[in-house]
Structures are given as C-alpha cells and as structure tokens.
Amino acid sequence: MPHRAPGAPGQSGSSFLTGKPIRYYRPNGSPDIRRLVDEGFQAFNAGRLSEACQIFSEKMLAPDRDTTIGLTLAGALTPAGLGGCVIELMDRGLVDFIISTGANLYHDLHYALNFTLRRGSPFVDDVQLYEEGIIRIYDVLFPATVLLETDAYLRDFLVRSGMNEPTSTAEFHYRLGRDLLDRQPGCEEHSVVARAALAGVPIYTSSPGDSSIGMNIAYHELVNSSRFMIDPNKDVNEICAIVLAGTRNGCVILGGGSPKNFYLQAQPTLWEVYGIPKGGNDYFIQITTDQVVWGGLSGATPSEAVSWGKVIPGVLPDTVIAYSDSTIAFPLFCEYVIGSPNGRRPRKELVHRRAELVARLSREARAAREKKLEVKT
Amino acid sequence: MPHRAPGAPGQSGSSFLTGKPIRYYRPNGSPDIRRLVDEGFQAFNAGRLSEACQIFSEKMLAPDRDTTIGLTLAGALTPAGLGGCVIELMDRGLVDFIISTGANLYHDLHYALNFTLRRGSPFVDDVQLYEEGIIRIYDVLFPATVLLETDAYLRDFLVRSGMNEPTSTAEFHYRLGRDLLDRQPGCEEHSVVARAALAGVPIYTSSPGDSSIGMNIAYHELVNSSRFMIDPNKDVNEICAIVLAGTRNGCVILGGGSPKNFYLQAQPTLWEVYGIPKGGNDYFIQITTDQVVWGGLSGATPSEAVSWGKVIPGVLPDTVIAYSDSTIAFPLFCEYVIGSPNGRRPRKELVHRRAELVARLSREARAAREKKLEVKT
Amino acid sequence: MPHRAPGAPGQSGSSFLTGKPIRYYRPNGSPDIRRLVDEGFQAFNAGRLSEACQIFSEKMLAPDRDTTIGLTLAGALTPAGLGGCVIELMDRGLVDFIISTGANLYHDLHYALNFTLRRGSPFVDDVQLYEEGIIRIYDVLFPATVLLETDAYLRDFLVRSGMNEPTSTAEFHYRLGRDLLDRQPGCEEHSVVARAALAGVPIYTSSPGDSSIGMNIAYHELVNSSRFMIDPNKDVNEICAIVLAGTRNGCVILGGGSPKNFYLQAQPTLWEVYGIPKGGNDYFIQITTDQVVWGGLSGATPSEAVSWGKVIPGVLPDTVIAYSDSTIAFPLFCEYVIGSPNGRRPRKELVHRRAELVARLSREARAAREKKLEVKT
Amino acid sequence: MPHRAPGAPGQSGSSFLTGKPIRYYRPNGSPDIRRLVDEGFQAFNAGRLSEACQIFSEKMLAPDRDTTIGLTLAGALTPAGLGGCVIELMDRGLVDFIISTGANLYHDLHYALNFTLRRGSPFVDDVQLYEEGIIRIYDVLFPATVLLETDAYLRDFLVRSGMNEPTSTAEFHYRLGRDLLDRQPGCEEHSVVARAALAGVPIYTSSPGDSSIGMNIAYHELVNSSRFMIDPNKDVNEICAIVLAGTRNGCVILGGGSPKNFYLQAQPTLWEVYGIPKGGNDYFIQITTDQVVWGGLSGATPSEAVSWGKVIPGVLPDTVIAYSDSTIAFPLFCEYVIGSPNGRRPRKELVHRRAELVARLSREARAAREKKLEVKT
C-alpha cells in the first residue's frame, strides 16, 4: 500500500462526497448583524470582535486617515469558503494588499476552475479516504483529482506564460489572475486570485516554495529547465516600499503564522536594515486562536510588537486581538464593515505601482546609507 | 515618537537586562529523566511524550530501519536556549536535515557572535522597553544593538562571500556556518548554524524572505545590486530528493507552522506533481500546543495527513503528537533519546550529497513523465 | 496595604467606569443571521456551530421528539451580558432546566437589583483598580460596593425567607427568584434567576459553596446559627429524576467545568448506582474553547462519554462541539434557534414537578434493589 | 441498545486492557531534574515552571515564612497516576490542605482498593468500548466493574460509618481515609485519601454532589433514608478559618476549575462577607493549560485576582502561571521541590484543628458585626 498515491482512478463516486458544495459566501452588510455586534457583543472576545469592527470601520477606513491596509491569511480559509469575504473587501477598496499562505491561493484555484469542495466531517476514517482517493482538509472533502487537475492547469500556465526569470509573488499571482480571467470568464466572482488581478490588489506569499503552487514551480525548473523562480528579495522590498508609502498603516491578520510576521517585519526592515525612520503600524487587528503564552509570533501581542518598532507606542488603544476561529469571526467582521458608512473606498490598485514605490524605497535607502557613511567620516 | 526606531544609542545600561544570560543547555542522557519518562509519564500528554521518546529511540533510531530524519523548528526556540539540544542531536547523527523558520536561525547567530540574550518576564512595559532600546521575545530580553550588529555581520558576510546567483537555503546556511566557524572558532558549541555546517546537516527555511536574514539579503539586492537570492525551487527539490532517497522517513516537528508543511509536502510533491510512487512518512512525532480543532495545518493530525499521502496508512501507531510547550518537552525528549542505546548514529552528512540526490530525483521525474506520455499515446 | 479590603468608600467616581453599561441583549430570530449560519458557516468551527443550530432547531425542538433539554452555564456569561439569551430561551420553553456555576447566578443578581456593570478592558492596572475599589471580571468592571450591596440583599433574603433546613439549589433559587419578582417588579426582563422562577425552570448549582451566594449562606449558618443549608443529595436526585422522566434527553453545554459533569453524570447515576436501565443522552451540543487533548472533562468529547453510558452509542451524528468563546457563538445560536419554526415550545415548568419525579425515581430505585436482592437469593 | 448499561458481565478479557498498569509514581528529588529545571528551563513556559519551582522551594517553604499552603486538583490527575506526587507532598508536610474535584478522589479509591487502571490510547472506538464494558478517561482504560465495586465499597462504608448528619467534606474524607487504612493496610502508599487521613491533611471538594462519591451519598439518602449529607457551609467556613489562621498563605493550583475558585474565594469571604480585614494570598502558583483570553476563572491571572482582594497587590512577583499539562509539569515540580533544602516541613495536621479554627473565625466574625452595628448607631 505505501507505494501507491491516493486519488487512484475510478473512485469518483465516493459516499464521502455527499455534503453540500462549499460556496464563497458574500457578506452584504446586514443591519441585524451590525446590531448584534454593537449591542450584543459587549465583553470577552465578543467585545474584542466588536472593537475590531469599530476600529476598522471608523478609524482605518476613515477617508481622512488614508490608511494603507494589509490583510494576511493563514489557516485554511479558502477551503472553508471565506474567499467571498476577501473578494468583497478587495472590490470595495477596503484592503490594499494581501499576504497569504500558498495553500489558500492554491485552493482558491479550485473554485476558479469550477471544481467542487464539499462540506464533510472531521471524524471520518482517513485510511478509507486514502483508499477512495479523497483529500481531507479538516472537514472539507474533495477528490484527489482536483489536485491533479489544478496542478495540470498550473503547469500549463507556467509554460504558456513564458515567464523565465526571478519574479515577485505579487507579479506571479497577478499574471496567474489575468490568465484565469482570460480562460474562465466571470471567475472573479469566485476566485480571490482572479479578483485581486482585476482590483489591482497585490498578493504576496511569505513561503513561496511551501504549497502545491511552489511544488509545481519547482517541477517546472527541474523538469522543464525553466529559469522562472520566485525572488523573495523582491517580495520583501515591495512590501517595505508599500508600507513606507503609506500615510498611515494598518493590518487585519487572520490566524497568524508566517504571513503575520512577513507583514510586521516591514517596519523593522526599514529602521533596522535600511536605516529609514518610519514609525510602526497605526492600527492592528488580529483574529486568531493562538495564544500569547506559547511565546510564538502567531500569538504575540501588539504590545510585544512595540518593542520591535512594529507598532507605534502611542496607539495600543487602536490594536485588538479577537480570539476566535476566523471562520466564525471574519464573516461577522465583514458584514459589519461592509454595512458601515465607510464601507467603500477608492481602490489604491497598488499592483500597478510597485515599481514606482520600490524606486522610492531604493532612493531613500541609498540616501540613508550615504548619510550614515558621512557621519562616520 | 513614531519617527524614531527603538534601540537608540546610549541606552545600554537598562535595568531590564539584569536576568541571567540564556545559554544553550546541552542534554546528556540523564537516567533519572529516562526513569521519569518511562515510569512517571503514564497518561495524557505525559503519556504521549513518553511514547514519542520510545518511538524515536527504539524505532526511528534502530540501525536496521535506516530512517532519514527531518527536524522542523517553529516558535522561538533558539531565543529560549534550545539550540543546545539541536546541536547535540546533530552531533550524534540523530537528525539528518532541518527545516527552520528564519527567525530561529537569525537569533542563533547572536549566540555564535557572543551577544547576550537574557531571562526576563513577559509582563514588562513595552513602551518603556521601546524607549530604552530593548527588544522582547516573550520573556527574552536584549538590546536592539544586538540586532544591528548581527545585521552588520550578515551584510558583511554577503559581500565577502561573493555569492551572486540563485541558491538553495541549505547552501546559503552551509556557507554562513562555514564563515562562522572561520571567524568565531569554537562557536559550533553555541551555534546551530555553525554546528550544522560542521556536521553536514542541511538547514532549510520555508519562508526565506521572512526574517532578519531575508531582510538583509533583500537589502543586498536593492542597495548593492547583488544577484544573490534564495531560489525556493531548489529547496523544494532538494527536500524531495532527500525524502525520495530515504529507506524510511520520519520527522520530529516542533511547533508546526510553515516548516511543518514544508517537510510534509515532500511526499505529495513526489506522487502528485512528479508522478513518482513513494509512500508517506513511516514515523511522525510532533510537539506542539496547536490544536486540531482550529483546522490549521499546524494542528493537523497524522491521521489527516494520511488522506494526502503524507503518512503511510498502516503506521498510525508510529505517529504521536504530544501537546506541550517545546521549551519543556523538547529537553526532556532529548535527555531520553541521548541516554538510549541508540543515542548515536553515523552521520549522513546530506549537505554534501544534495547534487547527487537531486540528479536522481530529476532522472526519476523525467522517466515518470516519459511513461505517462507513452500511456497517453 | 494587605490589611485592607478593596472597595473602600468614597471611590465611586473612578475613571475606569466610563464604558457603556452592559445590558442583557435579547435575540429576536434575525433572518440575516439564519442566512449567515446556513450559507456562510460551512466548515471548521463555523460549520460545527451551524450543525449545532440545526440539531437544536430541527431535532431537539421537534414536537414529536419531546426532548427534555438541560442548559449548563460555566464561564462568566451573565457578567458579559448573555443573560438575555438565557431569559429568551426559558420564556419560549426551549430549555427545561439549568445547571450553572454559582458565580453566574450571583452576578445575575446585580442586574436584578439595578446595579451597573460596565464594558472595560482586560489591560488595566489591577493594583490601581484595587486602590480605587473596582472589581474586574476579565474586561467587565464595576465598583466593589456592588458586591457588598448584593451580599446585603442576599443575607436579608436568607433571614426573611425563614428557610431553616437542608434544601435543593433548585428550591433555593426558585425562592430567591420569587423574592426578586416581589421586590423588584419587572426584573424578570433582566434577571435569569427571576425569569426562571416565573417560567418554572429549575436552576441547579453543582458547587453550592463555591460563589458569593454560597459564602453568604455559610455566613448565615456561622453568624446567625441558621440550619439552612444546600443538600447536594437533593440536587443529584432531582436531576436524575428529571433525566429519567425525559422521553428523550439533550443538552446545551456552555463552557464545561463542573456543571457539564453534573449534567452528564445523571445517566451513570441511574445505571451505575441505582441500577435503573435508561440510555444516555440523545443529543449533545457544547460550545467551548477547552480542548480534548488536555484530558479534562470540560474538553471531553461526546465520543468519550459513550464509554460511560452518558451518550447513546448510536447518536454520535447528533452530537457536536463548536469551539468558540460562548460570548460570540451563543448569541448567534440563539438568534438562529429563535427564528426557527420550532422557536417556541410549551414550557414543562419542571420546578413544580420535582417532588413527583423524585418519588418516581425512588420507586424505581427501590424496585431495582429488590430485584437485585432476589437475583442474589 | 440504549436501554443497557456499559459494563455488561462477562466482558472482562478485553483486548483493550493490555497496556501497562498505571502506578502512583513517587518523586524522589532527582538532582538531574533540578539541574534541568535550573539550567535548561530558561524561557517561555519552561522558564515559568522554573520560577514556580523556585518560589515554592525557596519562599513558600522557607521555615521563617510559615506559609499555609493549599493544593487544588482539577483534571483527571489520579487516573493519570499523579497521586504519588500528592502523597509525597503530604507526607513531607509540603501541603497543608487540599481542594479537589470529587472525581480525583473517587478514582483514587480504585488504587486503594487494588483495582487496576491501564495505559491506553485516546484513539479507540468508544462504541466498541461500550460494548465490551470498558470505561475510558482520555487514554486511561479500565473495566466498568471497577466503578461498580468501588461504588459498593462506598455504600457499605456509608452504612457502617453510621454518619447521619450534615458534615464537612474534610470530615467525610477523613473518615473515609481511616476506613481505608483499617481495611486495606498499607494502602497509604497508593491512596491520596488514605495518606491524607494519616498525615492530617484535610481534603475538601467544592462540588460535593458532582462525582460518583456524591452520587452514592445521594443514593444513601434516597434509598436508605439516611440524613447524612455534605454541608457546603461547613466547607466554606473551615477553609476561611484555615486561611484566616495562616501567617502567610499560598497555593499550588493544578488545572483550575471549581477547586481554584473555592480556594481563592476564602479571602473575599473574609473581607466581603465577614468584614474581617485579612490580606490576600502571598504566593500563587498555577499549572494549567487554560487561557486568560477566554475570560473564565480557570484561566484568570493572579493580576485579575488582585482586584478582588484574592492576592496581595504587592506580591505579583511571587505569583506565576506555567502553561503546561499537569501530567508533565507537576512531576517535574515535585522532583525539584523534594530535592530542595526545604523539602520537608513539620506537618500542620490541620484536619484535627478545624473546630478550633472555625471557633476563632466565628469569634472574629461576630466581633466584626458588633463593630459595624456600633458604627451605624
């Protein structure tokens, strides 16, 4: 048995695949939910979630604050159907760039390509799933062929794109999104990657090799001798440049993990590495179930981030962590925010401004180095 | 205040820095601890930890099993002084390759370079820390100058190394380790990166831009116009090649996060992307505080991994998760393992075999593709 | 300082007490929230919460099932304003009896007596709170005088009630509720204890000494030489009798803790101690953040309960745990349930049927003992 | 199937019962473990556990501090074999009184009566366990007959003890322990209840009806028409009296739950209810996996307790929470403490001083009331 892969052919009619298809739920600003959040969510994590909704709606989105807002995604959000929330936020200009695990983007492609993930149970027999070629993400179930066909699409895209040099993930995801829009018209309604390309929202991945997308790019290098690769340096510098350009900066962090750190390290990069004075975040919202007491960065508080210069010392009242599964809290958050008076902003379309912003970062970094050398002399 | 970085000069004599220096504790195989684990750790997570100790000592390390063992590191382990455990395992041939967050490797450099991190408290005033230029990692405290000087070392190394092309993180960390050994003789006793270079243990990072190491490489590209970069494709393929070459495969996962997935995706890469039949892991040990019910990969069980072909269906008895802070459980685990009859193995020194193993992967991948094309024709 | 109590007089105008008053939010069956739960909560804990809503609305409340439903309360729910949800469920006949920590009932009295608890922050200086005589429950703040005046009410009630013998907590809480209704007309809108008395819902406490209510009863014995006391035997037997009488049995467990076990032990009491054959629960819903892997009863699964005979082996599909802070999940659950077609049932008014049901238990227990003795002879 | 109890006769030879018997491990003060705790446990929860060991050994046990030390037990500790640690602490005079869940005491009786609990797995089929009459506590397995025979012993004890009136749990457990010592000579080596009787350590239960012990007492009342019952008032007052009499007070809290609150409420009872000025705890150690952010009392911090007068404001440095499964951390803690220079103290034998201490409480309470009435006049 070990020398066989799951997803053997001819196993398509599994009894495991009887749950409802998972759809991208689109929040629409329910007044009832706004009332619940304002009046019913008064204390404990309900209170924190209510605060998060208010900080985002009333402060981060206030036109005069001009906040550049990053959204980070960790945990299996697109498999759970939360892509619709992200699509809605991008379309309304409420997030300006995204840092995601590769897995969330890879699984988003299933929706774009019209494959079906289904509601299931976390209490199923995995050995039997393996025998029947069913893949499980906690309680989300789908045939292994979905992986194989998504991979085939990705490899074809890599070939036909002609990309052949080190590239940032924002550029890569943008071109992938354009390809989806071309080949699957209308898929921007059910694909974060496609919608991001349309809305000009750059999507970054902090661990570019660490997903089926990365696996297929590695295949492309090994088997097709391509010179296409992700250049993490470009990602670091583009994100720094975006943060540097922000009048104010704020984030919504779902989960934690590597995307959280990748976002938060932008400010230390500026002062610690580039020598450019720029304060930390003005706003910080996290929805997570990780705990500060385990000591990891996923659970680290805005307060700890102050010592690193990641968060401005004076703004702790504008930071909040709501401890909850994102699958529950994030749709509530989006309903609230979308129904708020600031529920739509002009889009910044940063994906088209990356070169310009990196050039500015480069100028300031070189100037800082000159100045430092002068001081030494 | 926002337009200033922490770590302002002249703040060195902080009253926060009065705790004991953190040292790399070296486990030495205490019989008392072995007795406690065998006789006192009987149920609940103590029972799981006891099982993990036994699976590792008696099965994974058994000479006739010839298990290729990966260790993944997430969470702030080197800041907490756990580097000594990792050094001991590498020196004794008990782990064959490592996947770590960049942060653990970056903070390891402080020890190599003789900077001092100190025991502190998580309940300190971060605004005051910021004012005094003290950095906090949960309850570990040190001056911001430690960051700046470690960064300076890294940038100097990048310049003098002359590296100027896409590189795997294993190669990069190996060269960094060699440089440390040259310039800080004896530092292999207190540096994971240095010891790994000496012991031939390749170290990978799944999120290469996501740490101060990545930040300084990005600086090197932007300001020095270097063409040096991390090529994630090389990492993906090297790890696949190592796993493919293993007679048996097993892992010790500390924490979870991106390193966990980067390790576990090797088998799906083989069957799903490369079409090479190779079973999943034979052994799976995780020490974590993350929970399965939040649905993320960090907390996903060996059972869930079966459906993905990451773990061999028949071996679930040889998989175990002990729910504990690694700072408590990992030293106990190492004491037990080192004191066991299999507490030393010949080292595989895989860092020097990467090219050979990738060549084999490449041959098998091309052969698999040929076969598939033939079938279609 | 140690020899002074918090709540010193003259500290009433604290700057800590500026947050909004906490009110008992009343769910009203929002169709928007039902839509979110049905269509947006598809996987992970959102999926579990959606299942819980459906099991409760469609099965437990189905008229032909005639399910006797227990609700258990642990964690600070009334301080967080969740009493309104409990009131609504009782009024609509959707829960038949309650097991609560004493703290939830004690703090409910503040609302009944028109004292004000306020929204605050968990990040305040507790030494300063102590100095100013402010009490903190996580992020809920109120003056220590609220404790002192609630205690005074309780002690006066104990005196004027004339109760002077061992009593069940259901009887005690019923009489307390009647007293509140007499003295604070209309308070059934903002007191769980008062509403329960009106709606005939018995309220039990598994740890009768363990709250300020228990403290004041102990005072009454020590200082007034009263013979009034809680008799835990009566509680155990009343709950067993209620469960025995149920056509079907089901529970909604908030948090876990001692109330969870007190509910679940009813079935083992019946078979293990009384020798009366009666199956376990037919339905089991828990909202908690406690985890199975820590091994405690709070986090124990319905599956583990099967081995104890607490849950019927065949019904695991009708059991669900949603991992979430109750402050978020319970209001959503109540909105859903109340808006469902089964959102109102005839009330069982069990508080008035306790004697009759215990008499039946007594008969069956004696009969079972006779039968057992006969078998031995 | 629902109308049958687990534990059907003739199922004794289960294949589930093949694991090693669980024994009460006795810590003996290992110097290796002391070295690990001092030198290897430097940060994060290892650091906290190290602090807890030092606070207990060097401060709480210091002869000149004369600290009255309470130990609270929640979570399934005796089933996991941790009773040996508690026995050792009692024998050495290192804890003066205990507050435990009933379940820990009930399962302790199995050891006293020579029944065998076995190591197992949490991943077994509970429906099959039910069929075979095996009871599961997470990963601890034993036949249902163990419950039935322990219950029979308890009911016989209740009959032969002749107890027939309201009693404190300390008195009840003391008499139960004496009975065990009489009938099972030598059982003080493997029974907490028996050892406590021998060592004069009073054991309280905050939720007296909530365990199989409480269930059998309830049976005794219902079926035998006994007037024996637990009087929670006596428990509240005895604990208050013990705390009032302490030169200094400190606690070791395992888990949390109702026993934690029952311990901590003693000080509020004194100032809030009895009007007796007495400061809060001088020392506070908790080992738990519960989290502050869920808002419950189990996870509440020493800091929050300050606002209630449960902890002296000035002593926060002498309070610590180590987040860990008690099955791992508590044996380490005991090894450390027992090997310390203060690893043995004269026993206070408080079980014999309860009447005297309650009389003192009564005097002071009446005096405080007189004084208050005078002030009013």
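For reference, chains read A, B, C and D in written order, and residue numbers begin at 1 within each chain.
The rule we apply is simple: contacts are C-beta pairs under 8 Å (C-beta built on N, C-alpha and C of every residue); 3 or more make two chains touch, one makes a residue touch a chain.
Here the structure is a predicted model, which means the values were calculated and not measured.
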item	value
Co-neighbours of chain D and chain A - touch as defined	B, C
Which of B-C and B-D has more C-beta pairs touching across its chains	B-D
Intercentroid distance (Cα basis), chain D paired with chain B, Å	40
Between chain B and chain A, distance of the C-alpha-averaged centres to the nearest whole Å	24
Centre-of-Cα separation between chain C and chain B, whole angstrom	47
Per-residue multi-chain contacts in chain C, two or more chains	43-45, 76, 80, 138-139, 289, 291-295, 316, 323, 325, 327
In the complex, chain D residues that touch chain C	1-7, 74-76, 80, 101, 103, 122, 126-127, 129-131, 134-139, 144, 147-148, 151, 166, 206-212, 214-223, 229-237, 240, 255, 257-258, 261-262, 265, 268-269, 271-274, 277-280, 289-298, 300, 303-304, 306-309, 312-314, 316, 325, 327, 358, 361-362, 365-366, 369
In the complex, chain A residues that touch chain D	43-45, 291-295, 321, 323
Sites on chain C touched by chain A in the complex	20, 22-23, 25, 27, 30-33, 36, 39-47, 49, 76, 79-81, 119, 123, 138-140, 289, 316, 323-325, 327-329, 331-332, 335
